[in-house]
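Labels run A, B and C following the written order; every chain starts at residue 1.
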Amino acid sequence: MQTTIQTEKQRGISSARRKLVQRLGFAGISLAALLTVAPIVLIVIHIYSNGLPAISWEFISAMPREGMRAGGILPAIIGTFWLTLGTAVVAVPLGVGAAIYLAEYAPDNRWTRTIRIAIINLAGIPSVVYGLFGLGLFVLFLRFGTSLLAGSLTLAIMTLPIIISTAEEALRAVPNSFRVVSISLGGTQWQTIRKVILPQALPGILTGVILGLERAAGETAPILFTVAAFFLPRLPNSIFDASMALPYHLFVISTQVPSMPIRIQYGTAVVLLTFVLGMNAIATVIRSRARAHRQW
Amino acid sequence: MRARNIGELMITALIRTTGYSAIVFVTMIFIFLLREGAPALTEVKLANFMQLRWYPIEDYFGLLPLIGGSLLVTFGAALFAVPLGIASAVFIAEIAPRWAREILKPLVEVLGGLPSVMLGFIGILIIAPAIRTLLNIPTGLTAFTGALLLGGMAIPTIVSVAEDALDAVPKTYRDAALAMGATRWQTIWRVTLPAARSGVLTAVMLGVGRAIGETMTVMMVTGNAPVFPTGLSNLFKPVRTMTATIAAEMGEVANGSVHYHVLFYIGIVLFLISLIVNLAAASVVFRQRKRAERILS
Amino acid sequence: MVIRRTGTQAASPEQAIKIKIEDLSVSYSDGTESLRGVDLLIPEKAVTVLFGPAGGGKSTLLRMINRLNDLADVTEVHGHVWLDGQDVLSPETDVIALRRRVGMVFARPVVLPMSVRRNLTYGLELSGEHDAEFLRGAVERSLRAAALWEEVQDRLDEPASSLSGGQQQRLCLARSLVLEPDVILLDEPTSGLDPISTGKVETSLALLKQDYTIVLVPHSIQQAARTADFAAFFLGGELVEYAPGRQIFTNPQHERTEDYVEGRFG
């Protein structure tokens, strides 16, 4: 590096020329960044401007009519709500527990490395393969059938790696000196975690959980074979019922149903997008408030 | 005192169990894929898998068009996402002023959080028709459309991991280069980026991994025609990926039929591909960490 | 290099011995030997100062007394640390109870991310003490003992991180007193502090030694000379010289001690 820069200087490549290169380069990079970001804004604006007119109280609170071509999408909303809740109930304790183990207890040996490799793998498995797995294990082998239970469990395992990695990072970010002080005052490891480390890591853990659940709520492939139904005239009554869900609903009404009013499609997209953006916003707020109030 | 010890012991045991759960789940996934997919190996001849027709109704199970479709779309996505992603990461980490960074990072995060079905939705309604009219081709549902949207989904992954890697390069490296008379531009390309090389590589691998595994978007916009892509012209014709095949046909197969087993078999192939890509990405990270430890100690 | 030892057993006959360190050797997992065959008597209700250049094993010795080294990569430990006749290093020792009897103040003020009040009551919380009256009294008592009560009595519910560096360290001192320990270990407690705060800490120690056994690793020879009732010079993991009072600083017996005290190395 030293020689190429100084060689350029010696060869008399003027600093004016280098400044020009820099200006062009920066312009190109800025353009690239704009190209990356502008579509996001455009998509969001497009969906809201086309979809908001479809939103009415009836749309989000009523049952569908005429083969989904009129009425509301309440069952899809309720279904997504239950699926997200079910995912949280399973994935959060498992994920946070695993994160605590990795950050506070796990020794530096081959077993721990195996756990980490397993987590990396879980994170990379395609969502449709999770769907196959959920079909094979929960729907068929355990005979839960196409149900909220099967769907939630499948989504939970898929969400696990996200929660584990963000939670572990949050725990590790807490200064080690707190642990040492707590131990020196006669605390046990669990007391230290429960009273000092966990509370301090909570905002980071929460952010990770919300982002993970946001992803679970928007996924279609894992629920295709495990829980999703298209036209269910009633709301789910138990965890063994199949259910509609927002992402699956959007998929079907935009590809499978002829003469589906475009308003309803955009309306459904708006509801899903609002759900996702809302969770994003909550996570961002938690993160910035925590940074401001941090006592270390 | 003793009560606290017992309680503490139980909680510690519980935590240790959750720690090992990841291994349990990966193993279970592999086992169940194998359980439903392995029969395909005996039911379908290898030669059948290796030919160019995928037409399950008449017992043609050629995987090559599907693999070709996945590769074409992923390759196109990478071609588009890698330069844009790295450039955006460089912009956010090195060039953008504070206020721009505060806006851009959340925006990229939003893009990463967009459900794949939503991007497919936009693809069908806007992008595919636009491509059809702009390029004057019979349909806008092509591999190119899929590559475009997949690239859009891979970019956030690449940007966030690469940006972290660039951020982690010590300030002293940049200061040293600037002190020697380099411009900021030269510093980025000759010093900072090479120093973050392994992190950026990891970012690209993870982004590509995400593209390979995408299902809904490609199912909605690539036209779903299982034709083996023979040349670059196929970029503007419909294709079908492995993932879309599973998603589209699983709903119609009979349990336990040959078709059913073959779909699970494709799932095994996808599982192994993602395993390899992610292990490669992880080993890069581990190797870099070990090197850093050696340097710092 | 052969180090001859002098005066390792000398202690004033009127002073009872609180801690007896017997032939203590400690090695870390990376092979560094931190302590080699150390014999030391620590009298009660006095300030024993462990001084010497960095890496001499002083911090390790402190951390053996309250078994805080259990958290570090220690592979080999030989010898005994007798506290009131019980071997602290024995596997049957109740480590939790031990750490309540032996308090510690660290080099950087480490306040917990809580209010001033909760920083102090945290130790009692760990042992299950909930009585509000008792806690309130303990807070005031310990703050007075650390000469901090006047300054923070109106700020007890503010975050401890809002205090100045010197106040934080005195808070850490108060925190170590709340559990009413027998022994207080201090590892370079004033290394980051300004002279006024340092003076306040040293004044507190002079008062506290009437009731507590204090083992101090000073951050300068001058501090050692100001505060020591008994002084031990450590070099390369070995105890080189030990003497009561100030005499080790004015009249060192051993040439290496003299070199260090005179500032020829360190």
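Note that in this section contacts are C-beta pairs under 8 Å (C-beta built on N, C-alpha and C of every residue); 3 or more make two chains touch, one makes a residue touch a chain.
Source: prediction; values computed, not measured.
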item: Shortest contact path, chain A to chain B, counted in steps; value: 1
item: Identifier of the chain whose CA centre is least distant from the whole-structure CA centre; value: A
item: Remotest chain, chain A as reference, centres from CA atoms; value: C
item: Centroid distance [mean C-alpha coordinates] between chain B and chain A, Å; value: 15
item: Where chain B and chain C are represented by their mean Cα positions, the distance between them in whole Å; value: 55
item: Chain centre separation in whole Å, for chain C relative to chain A (CA means); value: 49
item: Where chain A touches two or more other chains at once, by residue number; value: 188, 191
item: Multi-partner residues of chain C (at least 2 other chains); value: none
item: Complex interface listing, chain A residues touching chain C; value: 177-188, 191, 195-196, 200, 294-296
item: Complex contacts: residues of chain B adjacent to chain A; value: 4, 8, 11-12, 14-23, 25-26, 28-29, 32-33, 35-36, 83-85, 87-88, 90-92, 95-96, 104, 106-111, 113-122, 124-126, 152, 155, 159, 177, 180-186, 190-191, 206, 209, 212-216, 220, 243, 246-247, 250-251, 255, 263-264, 267, 270-271, 274-275, 277-279, 281-282
item: Interfacial residue positions of chain A with respect to chain B in the complex; value: 1-2, 4-6, 9, 18-19, 21-22, 25-26, 28-30, 32-33, 35-37, 39-41, 43-44, 46-47, 93-95, 97-98, 100-102, 105-106, 111, 114-133, 135-137, 140-141, 157, 160-161, 164, 188-191, 211, 214-215, 217-221, 224-225, 247-248, 250-251, 254-255, 265, 269, 272-273, 276-277, 279-280, 284
item: Contacting residues of chain C [partner chain A, same complex]; value: 66, 68, 71, 96-97, 99-100, 103-104, 106, 108, 110, 112-114, 122-123, 125-127, 159-161, 175-176, 179
